[in-house]
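You will see two complexes here that share chain A, one where it goes with chain B and one where it goes with chain C.
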Partner chain A sequence: MTGHSFLFTVFALSTCLSAIAVVISQTVVRMAFWLIISLGSTSALFFLADADFVGAAQLLIYVGGTLVLLVFGVMLTASGPYLKIATAPGETIIAGLAGLMFLMIVFGSIQAVDWTGGSAPEVSRQRDVASAVSSGNTLRPIGLSLLGLRVDGASDSDGGIEAPGYLLPFEIVSVHLLVVLIGSAYLARAKRSRQSAGGNVSVA
Partner chain B sequence: MSANMNAYLLVGAVLFVCGVICMATKRNGIGVLMGVELVLNGANINFVAFSRFSRLGLDGQVFSLFVIVLAAAEAAVALAIALNFYNNHLTIDVDRANKLKG
Partner chain C sequence: MFAANSIAEYLDQNVAWLNGCGYWVAALIHALLLIHVFALSPFAFIWLERKVSGRIQDRLGPTRVGGLFGWLQSLADGIKLIQKEDLCPPAADSMLFRSAPYIVCVASFAVFMVLPFSHGWVAVAADCGLFILLAILSLEVFGIILAGYSSGSKWSLFGGMREAAQMVSYEIPLAICALIPVIAAGSLNLGEIGEMQRGGFWNWFVFHDPFTFFAFFVYFVVATASCKRAPFDLAEAESELVGGFHTEYSGMRWSFFFMGEYASMFAVCGVASVLFLGGWNTGLPFLDDALSSARLNGATGAGPWAAGYLANVLGAFVFVTKASFGVFVQVWLRWTLPRLRIDQVITTCLKYLVPISCFLFLGATVWPLVLLQVSQTTTLTAPLGDRFGGALGEARLRGSVPAASVSRAQAASVSVSSVGEVAR
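After this line comes the complex of A and B, so read on.
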């Protein structure tokens, strides 16, 4: 067992067990803790799959941003430190059985499909870029592809036409973030003005 | 367990199923949000695995970046909604959100 596969086993087990712990644990604070462990191990899996930039973005945005947001939500909505909203045991058993069956279906599908596509040739990358990408140095190719310029030489299934860049989705996601920022600021502000109006519930 | 395509897909499947169970069974609104995050991370693992082990090139990594950004946006909006719900109902129990029942 090489070091790479050993590290992969460790982080894969950590990811899966923490995800199961998120489902099992009852208090929402412990769920947040296990979610942090699970998402951090996921970013380690990204590093192991030669996706350095995605792993770093996962650590920065998910673990550093989104989860802090969720923990703030926990703090702002819990009336006690260990708030428990218990699920009925019958529902838990049914959900566990349904989840196990779903997992078996997905496992069977994954094992049944030949994901390598037979004798498909490797993607015809340019040589220096290919070595950079395969060693995980993906910052410059990803940035250029977001600007609409593909340098990794990926072609579509016909093999002739150069794959397109991602300038339009990049712009769409920028505008989307602006809209989300305005929308969530509006929601939070409407809540505060209603409180100052003396607790009367009035839909703004 | 060697780090091949199937191993990554299996990890992604476990994350996805855990997220679905979390969304279906948790009665805490924030817990439902955490289930959504787990599902999106399972999808991200699949994207990165296909980017690493198949002919996609960098497409999978770029799409997982988009998924991360959209998940952050979704968490922000859903959290604002959850805070408004808590303000109106003084609880975060999603079973109490039955005002729109027809």
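After this line comes the complex of A and C, so read on.
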């Protein structure tokens, strides 16, 4: 067993075991804690695969962003000291069935993939990227392909410019998120200002 | 013999009995070195904090413990803390209560993985080092929120809530301010960013353009707040919240929070020094040129390797001095300014620091275009393209970047500029 596969096993096990612990534990904040371990180990798997940008994004968005908001929400809204979620036996059975079905889908797709290696032209196309990755140069290809310049040779002719890149869809999504953010801030504000206006009138 | 680019490479090539396990030994060496940085920086800075606060408030600070200036005070504190009983209140969620200090410690320790201490002295030379660093820094909050929540105490809960609100809002200007020098550099690789500021303090990114100049000060304020230092230490306000999130902690678990805090102070000041203050470069052109040529000769075998190694040691010394000066300023601020209220902390961030940093970010993106129109260059002092080309060429000489990728990067930059021409 090489060092790489040993580390892969360690992090894959910790991902899966803490994912199971998320399901088993009853307290919401404990679930969040196990979710940190699970998502952190997933990002470690990304780092092992030399995809350090995706791994860092995983840490920043899911662990540092979403989970902090989750715990923050629990702290602000909980009525008792430790919020618990008790699952009824029926729910457990239904959720177990859904999980089992999903496992079968995943297993089917894993079986369908040919893991022995890609075809020859694909390998030669990817060799360039692999050499860049092994020298630690992982970010520039992502940035250039955002601009529409594919350095992994995905274009058929001379590796020149093709399509508009990923920048346009990325911008559309981010503007959409901004609209959602402003909209929710507006909705949250409108109620409060009306109440305070009413209060002022009654005082006067 | 010392031409290898990393410890792992050297061990694999020269030490036969390791049998290809050089990777593990190198990882162990890196981890041991970083643990010492992580443990010794709080040791030094806690002593510094006591002495500086003593001077500012007209006291002596520690004098009795240890020899000169009471330098063993931190060790005495450590021995005291180890001896204390490890308490867990009955109302607490014991598993979360016990694990929260470790999350803080691990997060602030992991930051040092991607932080370069000198030219090439970095445990993980990732291409998106700054991005990984910001991601790991954002994890430290989680331990503090968990500590506040799981203590089963009102004071801790309020401290944890304040901390969550403060950190979530201060992360935004922190990331934006860290991006401004990245725009000037065109790279997220901290090693590359540091190397670009070689040759004179006017090449430091703080003097790159007016926007990076102001961004440095905004970054420093935001970094102080993100380490929950005074005047932004509402999460642990002693006078109103007893101790905030760490009210219920004692002994080593309590001290883990503070080790994490001091280590992350050092880390954010180190990032400031790499991004804005030239990192391991001295800022004096004759010294910088001599050091970099010594490094280059040592690496290629043209000169003595010891000279190159000593140049790196000097670089690490310069880096640590700059970062420690940042920590000193943070300590100075803490004992000078009164604590803000929590609403003032949030107002400062959301109404002032976020708009200011967004404006600086926009300005930094527009600045090269304006300069291009006015004076046909993209930077005031030196053409960035030449410097970047020089750095890449040097890296190619050292053999860390294969020739193919250099030519590809050049081809890419050429085609990107042609896109710009078409657009114009």
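One rule holds in what follows: the second predicted complex is superposed on the first by the 148 of 204 C-alpha atoms of A that agree within 3 Å, B and C clash if a C-alpha of one lies under 4 Å from a C-alpha of the other, contacts with A are read in each partner's own complex, and residues count from 1 in each chain.
Keep this in mind: a residue touches a chain if its C-beta (ideal position, glycine included) is under 8 Å from a C-beta of that chain, and two chains touch if they have at least 3 such contacts.
Here the structure is a predicted model, which is why all the values come from computation and not from measurement.
*Asks:* Following the overlay on chain A, give me a clash-or-fit verdict for chain B and chain C.
*Replies:* When both complexes are placed onto chain A, chain B and chain C end up side by side without any clash.
*Asks:* Of the partners chain B and chain C, which touch A:F33 in the superposed model: first, second, both, neither?
*Replies:* second
*Asks:* Counting residues of chain A touched by each partner, does chain B or chain C come out ahead?
*Replies:* Answer, by number of touched residues of chain A: B.
*Asks:* Touch check for A:T138: first (chain B), second (chain C), both, or neither?
*Replies:* Touch status of A:T138: both partners.
*Asks:* Quick check on the superposed pair: does A:V23 touch chain B, chain C, both, or neither? Answer first, second, both or neither.
*Replies:* In the superposition, A:V23 touches chain B alone.
*Asks:* Quick one: is A:L76 in contact with chain B, with chain C, with both, or with neither? Answer first, second, both or neither.
*Replies:* both
*Asks:* In the superposed arrangement, does A:G65 touch chain B (first), chain C (second), both or neither?
*Replies:* After superposing on A, A:G65 lies in contact with both chain B and chain C.
*Asks:* Pick one for A:L48: touches chain B only (first), chain C only (second), both, or neither.
*Replies:* Touch status of A:L48: first partner only.
*Asks:* Let me test your reading of the model: by the given contact rule, A:L147 touches which partner, first (chain B), second (chain C), both or neither?
*Replies:* Once the two structures are laid over each other on A, A:L147 reaches chain C alone.
*Asks:* Mind working out whether A:A56 is in touch with chain B, chain C, both or neither, as first, second, both or neither?
*Replies:* So A:A56 only meets chain C here.
*Asks:* Considering the aligned complexes, could you tell me the closest Cα pair distance between chain B and chain C in angstrom?
*Replies:* 12
*Asks:* Across the two complexes, find the residues of chain A that touch chain B and also touch chain C.
*Replies:* 53, 57, 65, 67, 69, 72, 74, 76, 138
*Asks:* Please output the residues of chain B touching chain A within their complex, sorted ascending.
*Replies:* For chain B paired with chain A, touching residues are 1-3, 5-11, 13-22, 24-31, 33-35, 37-38, 41, 44-45, 48-49, 51-59, 61-62, 64-66, 68-73, 75-77, 79-84, 86-88, 92-93.
*Asks:* Contact residues on chain C for chain A in the complex?
*Replies:* The touching residues are 21, 23-24, 91, 93, 95-96, 99, 103, 125-128, 131-132, 134-136, 138-139, 141-142, 145-146, 148-150, 152, 157, 160-161, 164-165, 167-168, 171, 188-189, 400-402, 404-405, 408-409, 412, 415-416, 419.
*Asks:* So in the complex, which bits of chain A are touching chain C?
*Replies:* Listed in rising order, the residues of chain A that touch chain C are 3, 27, 29-30, 33, 36, 40, 52-53, 55-57, 59-60, 63-65, 67-69, 71-72, 74-76, 81-82, 128, 131-132, 135-140, 144, 147, 149, 151, 160-161.
*Asks:* Considering only the defined contacts, which chain A positions touch chain B in the complex?
*Replies:* Contact set of chain A toward chain B: 4-5, 8-9, 12, 15-16, 19-20, 22-23, 28, 31-32, 35, 38-39, 42, 45-46, 48-51, 53-54, 57-58, 61-62, 65-67, 69-70, 72-74, 76-78, 83, 85-87, 91-92, 95-96, 98-99, 102-103, 106-107, 110-111, 115-117, 120-123, 125, 133, 138, 141-142, 145-146, 150, 152-154, 163, 166, 169, 173, 176-177, 180-181, 183-184, 187-188, 190-191, 194-195, 201.
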